[in-house]
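In this document, chain identifiers A, B, C and D correspond to the written order of the chains, with residue numbering beginning at 1 in each.
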């Protein structure tokens, strides 16, 4: 921790802050400059000491306090010799050399819709089926999801076409319930800092995909993941889904630089959502390619057999033929960066 | 709803969209321009129809879809002849001619700290005591609050000094519990779109203060309030607490223009949080004055007897003497805008 | 300057950076922590040393470099014992106890329009006339201003009604020309970092009002002012005019917290533009009050006799009666914060 | 243009607005809904009519005015049957099937530095040399560039190693001068809305690269390009260089979705600057790959022989070996998306 004193701070004020730092367990090294004095405070880990920053900032003669160690631990790259690889079974791994594709409708609407989509995306190479049974809607008058029947359809579709299932959980009382049907629990962007929910999935035994909050800084995102890890669940993947900016031509601004940046900070796998990230079907293909090119470990893509009749997100849902065309193109990019990606598969429908 | 067709859209495409609109229950009025065709779709309320927008956007020849009616109903200014006034009892009203002051520590730390603060802010004119028993912390290693003992202290302090109590509820399983101790439930910025929590407080009988999400648009904020109202609880106040921007010199950017803007859109009272809104104690006074000057119905201010030993938010907490000095200054502003504000009170400590 | 080394940095890497710092003229104080080493580098002023930061950041083992002194000098509050007061003559001062009002049309359109507006705002208490003769327009097909005839009208109106004149200069070749007609040169938001223009007005002898760039940080804004001051012109005022955020309900987000914040950093007067800052006529009054309440030294307000026929910015222009009504209300706020504001004046039209 | 009337607007108010629209040359089609009336106004092009929007918004009963035609013309995709390909001579084309690489130092520092870099980047496959002779610096105390001697060095290096030259022009009085040395004029992010400068390069005969403003919306960016095109210069390329957001871990947030989006709106070629876009050398490689994967027509990359002694931007400058390693990787991505990219070249040094 570095404490920067205001210019003109008296020796007594510097002493007062130094004393407080000693009291908090730090070794104290003041550096007296011509204009300002800075106090270097070192000693042990700073985990759990973030609260001290505000105390020190409240001294009248303190100009700034700078934390020099990362406030997260389990999710930090230093904490593991190797990158996290999440094994979902049946040969589906997230975070290894393969780039995975999660695909499916925004919302589970009916058996027909889901089965048609699931079969098509499975054949095209997706290994994980996405679909919402509980939908976070900005308006209380929007569709809120099928609930349990939707979960059942997801599980059926997964079994039938050999797909793993990812679906969102919003209500912390339903974590256990949703975990009975899903292979991955999704925490949505609006709940990235719903700490009680994070604690709850931290106690679950199944993998969690944590979406970035609408304007979460990278550090806040990793701290949200740390909540899950601290609860005992270390099967976490991060999902970049665009951040909110001034731009109105796209729904969000997809921050792909977060991918290589996160690779320097954490061992967790990183998924990209180009559907939410752009809000426009015609941008999903190019942004999927870009995501794979800069190191994404997977993609989550909205696909619907009839986007113009989709209950939600039709404008950003790919049609099935468009998705089928995209997959081999993505595969070529993955090869160009030394990775591989499942495409055309022959299915044994069960 | 207005559907803007792409330039060059064929008559058949225009017909197809028109048919879909008719199917969705709209009257359809196409306007054929030289460059583009627009389709005006009117008929009944558009509440609940927000989901159609995305369906229509998914047509290949549709360039844009514009909703022309407000998507919220209960909280809209048109829904009530008069502004909402929330009566907390003991002569404390929110939304009337009086400007109310909520004050107290960020976090309940101890009986001594809370009682000292409560007495001081009550004497200075605050009528509502703030204080957190459950704290949303960015880091899992930060202080998470005292829990129930904190709630008990709040209730005691309120009773003792004749103050109403506001405190945050984060976990939807604890809404009823917190409501036993508090007069106002606070929904924090991170939970503005935690819809299950909103639904839960919507079923509570006590008033709710809904903080603006870190980058919530005005419309999203009102829709979040609509979730609460739709659940049956119409005692809602909104709290502007700053939005996230590129600026790093302040913790957030306090958006005071939201106050007069909201006054044109909703009948709900509006509170301002200059402590969170700026993150700097020295800016709390000026921004409180500005908030009252442009029409705020109340303020929520962090006050701590020893900010340099505060567990949280010391840098933005006012000292007691500073708060005592501010209150009469605020009173003068309130008079200048034709309102009034409690200041110096003689307390009958019970 | 503080250099934070990456955790695991070898002594040789630390030595290499230390050597470079010595070479750059710093005294070097390394602090060896358990996790990380930080190097405190002090010595003389850091003005002009901002370029070193990037050099130091480019070392592989350097994690971060933090500048601890302010990069601006002339405009810093430390550089002057008193706040800057700009004397425009005829008793008009900016930055003193009086709050000044600049008012007038967005654009000079005709003699009739300008004279009608000038007379009205002068009678209502404005002491400075605003109006654009050169207009920065987002579209090349928008009106670009009357040019010299517009400047002549401004000067005439100023003389006739005893008003000082402020107008924008965009083209650095026209600084001298505009200065012949105006009492204050305005640098618009789009030109805040047009450094050649800043240098040019830095050599002018008349006061300059520097608008904040659309997303300028406070520090960048002060550095832009420093360009002008470094050129020799110390009659500078800053103008907050809203910043760009995600919000679409207002044209910009007016950042009033910039006012009290700037008061802690600089001695320059601060003006607020609630017209540009909100883009909505109905928000101009409340935000003007808020600006005065939190310490603005002046306001610049768009007023037009017929906003619905205004060439530009009609939606944010006040009508003359609305402006006449606002001024005494603002005066009351100014009194409540211990300042004063001209209102109703009897004019000797010349 | 669509005018949305407020709910409750009287027939007389609707008539008044309709009359004004007729007066402005529109055909008027009102649509009377249950809640609101909307007025469709069509007729001819809306270019040059953007100013009317504000007039209409200023009517008391008008809620919103929506422009339905694009405000730009020359740069719109509809205006040309084919995409623009800029021919720089010697087989260097921008906007065709080849992806071009511009590389070189942020700032021209010395003959030695420039020649070493130019030779290396040319050998690695770059065909255009970048380097600043006039530098826009946030601080007046930062290095401002070598000026004409820098331009001379750039021209020499270009000639010697068979490279075209791009360099920034800031001062509109120097457009002609810089054009004598450069093959492409760069307009920097801070000058995207310096309209007098845009007009000046609009009259130049050489190609222009227009960087996106720090928080420019796509439409504003295209309108800035329209200024250049309207002046007569149609050899324009756009350069995405990151936008300003709340994120502090990167210097800017590179908005790669702008590339496929722009491809739907304009025929102009699109270049990406991953150096400015991220501010971190270690992110330049991945983001370059992503840019090529989603359709960029070229890259502009900062390369320096000794970043830790670079006068500017060392932290985001690649070393020569890193650049040499990146180029063949980029080439593989370009092949994967059906394009090609120059790499290893044998130079005939002249």
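Keep this in mind: a residue touches a chain if its C-beta (ideal position, glycine included) is under 8 Å from a C-beta of that chain, and two chains touch if they have at least 3 such contacts.
Keep in mind that this is a model prediction, so the values were computed, not measured.
C-beta contact counts were set side by side for A-C and A-D; A-D has more. When the contact pairs of C-D are matched by residue number against A-B, B-D or B-C, over half are shared only with A-B.
We define each chain's centre as the mean of its Cα atoms; on that basis subunit A and subunit B are separated by 27 Å. Distance between chain centres (mean CA atoms), subunit A to subunit D: 31 Å.
Chain centres here are Cα means. That of subunit A falls 39 Å from that of subunit C. Across the assembly, subunit D contributes residues 215, 244-246, 248 that each touch 2 or more other chains. Within the complex formed with subunit C, the residues of subunit B that make contact are 215, 217-219, 243, 245-250, 253-257, 259-261, 264, 277-278, 280, 282-283, 285-287, 289-295, 329, 332-333, 335-337.
Across the complex, subunit B is touched by residues 2, 4, 7, 29, 31-36, 38, 40, 42-45, 63-64, 66, 68-69, 78, 244-246, 248 of subunit D. Residue ranges on subunit C touching subunit D, taken from their complex, read 20, 47-48, 50-51, 54-59, 71-72, 136-143, 170-173, 190-191, 193-197, 213-215, 220, 223, 226-227, 230, 244, 281, 307-317.
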